[in-house]
Amino acid sequence: MTSSPSLAGVIPPVATPFTPAGDMDLDGLQFNLERLNREPLAGYVLGGSNGEFSSLSIDERLKVVELARQVTPRDRLLIAGSGLESTRGTIELTERVAKLGADVAIVVTPGYFRAKMSAAALEAHFTQVADASPIPVLLYSVPANTGVDLPAAAVAKLARHPNIIGLKDSGGDITKIGQMINDTPAGFQILAGSAGFLLASLTLGAVGGVMALANIAGRQLHELYACFQSGDLAGARAVQLPLIALNTAVTARFGVAGLKAAMEMAGYKGGAPRAPLLPLAEEDWATLRQIMEQAGMFA
Amino acid sequence: MTSSPSLAGVIPPVATPFTPAGDMDLDGLQFNLERLNREPLAGYVLGGSNGEFSSLSIDERLKVVELARQVTPRDRLLIAGSGLESTRGTIELTERVAKLGADVAIVVTPGYFRAKMSAAALEAHFTQVADASPIPVLLYSVPANTGVDLPAAAVAKLARHPNIIGLKDSGGDITKIGQMINDTPAGFQILAGSAGFLLASLTLGAVGGVMALANIAGRQLHELYACFQSGDLAGARAVQLPLIALNTAVTARFGVAGLKAAMEMAGYKGGAPRAPLLPLAEEDWATLRQIMEQAGMFA
Amino acid sequence: MTSSPSLAGVIPPVATPFTPAGDMDLDGLQFNLERLNREPLAGYVLGGSNGEFSSLSIDERLKVVELARQVTPRDRLLIAGSGLESTRGTIELTERVAKLGADVAIVVTPGYFRAKMSAAALEAHFTQVADASPIPVLLYSVPANTGVDLPAAAVAKLARHPNIIGLKDSGGDITKIGQMINDTPAGFQILAGSAGFLLASLTLGAVGGVMALANIAGRQLHELYACFQSGDLAGARAVQLPLIALNTAVTARFGVAGLKAAMEMAGYKGGAPRAPLLPLAEEDWATLRQIMEQAGMFA
Amino acid sequence: MTSSPSLAGVIPPVATPFTPAGDMDLDGLQFNLERLNREPLAGYVLGGSNGEFSSLSIDERLKVVELARQVTPRDRLLIAGSGLESTRGTIELTERVAKLGADVAIVVTPGYFRAKMSAAALEAHFTQVADASPIPVLLYSVPANTGVDLPAAAVAKLARHPNIIGLKDSGGDITKIGQMINDTPAGFQILAGSAGFLLASLTLGAVGGVMALANIAGRQLHELYACFQSGDLAGARAVQLPLIALNTAVTARFGVAGLKAAMEMAGYKGGAPRAPLLPLAEEDWATLRQIMEQAGMFA
């Protein structure tokens, strides 16, 4: 096998806009991607948690990848979410996104049978997916959504698979991130799954991040990344600290609805999330705007 | 609206057998259903958690309902799982299972965005589904799988919807079950979601149960139910207590793999679960057999 | 060893009143106990969670037992909390409450090192305490406070100890309660630790309950108990269901502050809890009063 | 108010050795402290979680501080744990450790009534303690033991109190640590509560750490700290990564029993923890020794 594609840098899990009627707004998505193309980003994740993949049909998930392939420049990575609850379904979807031109498949841990998602079960799942996948696989652990935290020891084993190139860790346990960096080969690429712990992760050896906040603050996150790369830790910290509250606002606090509202305020096509997610409450718009201001988003 | 169908009695969430190659084994399913037809059961749930709905494609979920409709006598209820993560998808799937002849749709709470599944979000979701559904809706709360526990106050509100006829509660918080029975109208039907708390639930006013254990012990569970109905509490307790360990074995302890192994030992077509669920470990078969013996399953 | 004292019936974990200055109000406690003496109760727990034992000094814990011994009639059980985090400290305190005349020691699981409170550690702890105790020991599992849920298998083992006579289970997992009743000898006495699941527990074989609500609703809870004993399940249910919301109000919802406010409204000396517990918020008094009214407390 | 004492650097929460009979081994403690005096440490915490304060009597807690005062050089900080479940008890104990010469009081969040430990309750508690304390107060949040995670917003408020100088955060949520550093005044000192996230915390602006591992690896942790201070991030990372597994072994994995076993292997007086904690299992000694070897502890 040849060398793995580099995941280094800042990558947004691209949101999926919907029309008021609830259909996918592919024009809006194209608008967003073309605008993101002008930001200093290393690539895109389509069909991630913030892309509401769990609320899309299989056909919709494929359409998103198809469109993104047309709009994404070849020097940016196109990473497509292809996880389903079953191994069988995941393999099939991975093959389909590969055919549509995805460079990398990001595969979330199954979660419905979380109590039985032992290290052995997860290792078998990802091994089978990676064996079958025509494109490199990026592991994805997001316990807040799945109830499953991919164990560090499982990651250490899976990292030896030639077709598994990295991990997006959205759990944010920095001790575990450090342990995984220690236990995986040099080329295995660990990505912060949220901007709240990007600098801490980079410090320990992560290569970048796939972060909801990068949908609206790619420039700032790239600045953090560039400062860190150049050895300017104080500069990186000066970017990191004021961004945490905003990051929390568009993730844990207000969720996808908050991210999409922030996108609207930042000039992107956001709209409302698909039900059962509720749109951002009226009274939270002002709060969110204020948080964005405090983070210097309108400066 | 006419009177709701009665959910009273013992109902299994029917397991989905697979061939060694991983395809659905519809012949096995038919074999199981025909044998279950000879047990004292009130109906069947197809496409529930123990039916591994989360690991089936949409087409597979529909095929299961189609087959069950052919095999299920008209005096037994056919309850089809139609929950998906999105409200939109759930509505569409509910309409499809209704067209295939399902009597009732059982709709699990969405769970991927659990942190945002507020009472308001869940009430809106189920209201929209029930508004659109051609058949009565049975709510389904199973926090061990979804991370979401449908709040008692939300159930009290949803119970007023004319097309929502009951709740399968697999959380097993008996205090919450009592609260919901107190707060919902007389005709709203609450079902124990696991055999471990069937008698306790009946005592407080539940009308029956949808229970994994009913795949193999319908006769015993019906005996418990019948004792309770006839006022023989001591008799009901004498059935309940020794069944708890077996119930735990085929649910929390060994999961679907355990249920399917127990089905094999009881003469049904069980087979292995679909990956990522692992089959029951070699060393656990003897343990499970012993638990079945102690529960009088081979008597 | 002679026969164990009977724990059957309704028992309040007696609250500890404080003066506005924060000292123990022993006069208030005496007033409450004398009034409780006129209610149909089987005994008292002093120094339980609702007695705020964790906020009392050792000397204060002893004074409470000393006073209760003077006020408690000999035909009611005096059960004294003697749990501390260390086995050594628990043994010493158990000996001291025994000397003060307690009939039974109720011993809570240690919780500070919860991650290490394995079944083996808990079995060793309670065995050593029971070996040393001059009076019978009542196990006490209250995971909401300690983070430790005494495992059913540990209870089954400890139930064989001649000086361990029962368990107060405040976790309320009715499946676990049933399993423990199945696995322990006939004379081992299991008590519901909260009124929300009293009827369900009795149904499975519990002998009674130690319940915060019994501080204000001993008569109603006794009625529930008496109905159940006489085979009047419908009558028992008619008492149980409307009490759940009130029980939740004086436990999970408003906590000890709510219990004490309810005591005030019911004519007992309640007062404020000791800091860091905050007194019931102004706006919650009306809510609580309404819940009490709905439960028929002022009828 | 004069300037706060500096908490910068590496500080162990000193373990409390016991004799085989279970009494405190003050000679062993003195031996350990005198040996620790030769390590590059900034001070000592006595009566912390790893000092098993929860298993000590009040008198024993005071004796430990008294001894430590005699043995601790004046250029090292003596930080004494003075937290109890009640505000009243905490104030009294804080005054007593101050009289014994403690420089700083470390006050753990109460936890028994965790469900009621709102931000308001915790703010009131710590404010009252800090108002009354003759010595500066260090907040201590350790959710794994108490079930309470002191909210970032509460820390931001408490940081304005002139007598509250910092926080030991053992939760290890690096996003929260960053948020608190952002929201507290420059002089407020945040300490990593475990060595697993020391480097990440320093990167964001923490001033040091109070870490169980410093009982045996003060030199290595100081090296990490010194590398970081001198701008040698690669050097700091090279120390951090291999220490994580060892740190986990003496904290989450094997707990206090593991820490004490490691102390024995490193030449300190460790012994067994006090019951209910069990001593390290026979079979775990070899595993622990191997982990220590891999971390270079015997190099």
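First chain written, first letter: the chains are A, B, C and D, and each begins at residue 1.
The working rule: a contact is a pair of C-beta atoms (placed from the backbone, for glycine too) under 8 Å apart; a residue touches a chain by one contact, two chains touch by 3 or more.
Because the structure is a prediction, the values reported are computed rather than measured.
S.K.: Any chains in contact with both subunit B and subunit C?
M.R.: Shared contacts of subunit B and subunit C: no chain.
S.K.: Computing the C-alpha centre of each chain, which chain sits at the greatest distance from subunit B?
M.R.: Relative to subunit B, the chain whose C-alpha centre sits farthest away is D.
S.K.: If you average the CA atoms of subunit A and of subunit C, how many Å lie between those two points?
M.R.: Computed value for the inter-centroid distance: 49 Å.
S.K.: What whole-number Å value describes the gap between the mean CA coordinates of subunit C and subunit D?
M.R.: Roughly 35 Å separates the two chain centres.
S.K.: Taking the complex as given, what residues does subunit A use to touch subunit D?
M.R.: Checking each residue of subunit A against subunit D gives 172-175, 178-179, 181-182, 194, 196-197, 199-200, 203-205, 231, 233, 237, 240-242, 244-245, 247-248.
S.K.: Quick check: in the complex, which residue numbers of subunit B touch subunit A?
M.R.: 22, 49, 54-58, 85-89, 110-118, 120-122, 124-125, 128, 144-147, 252, 255-257, 274-278
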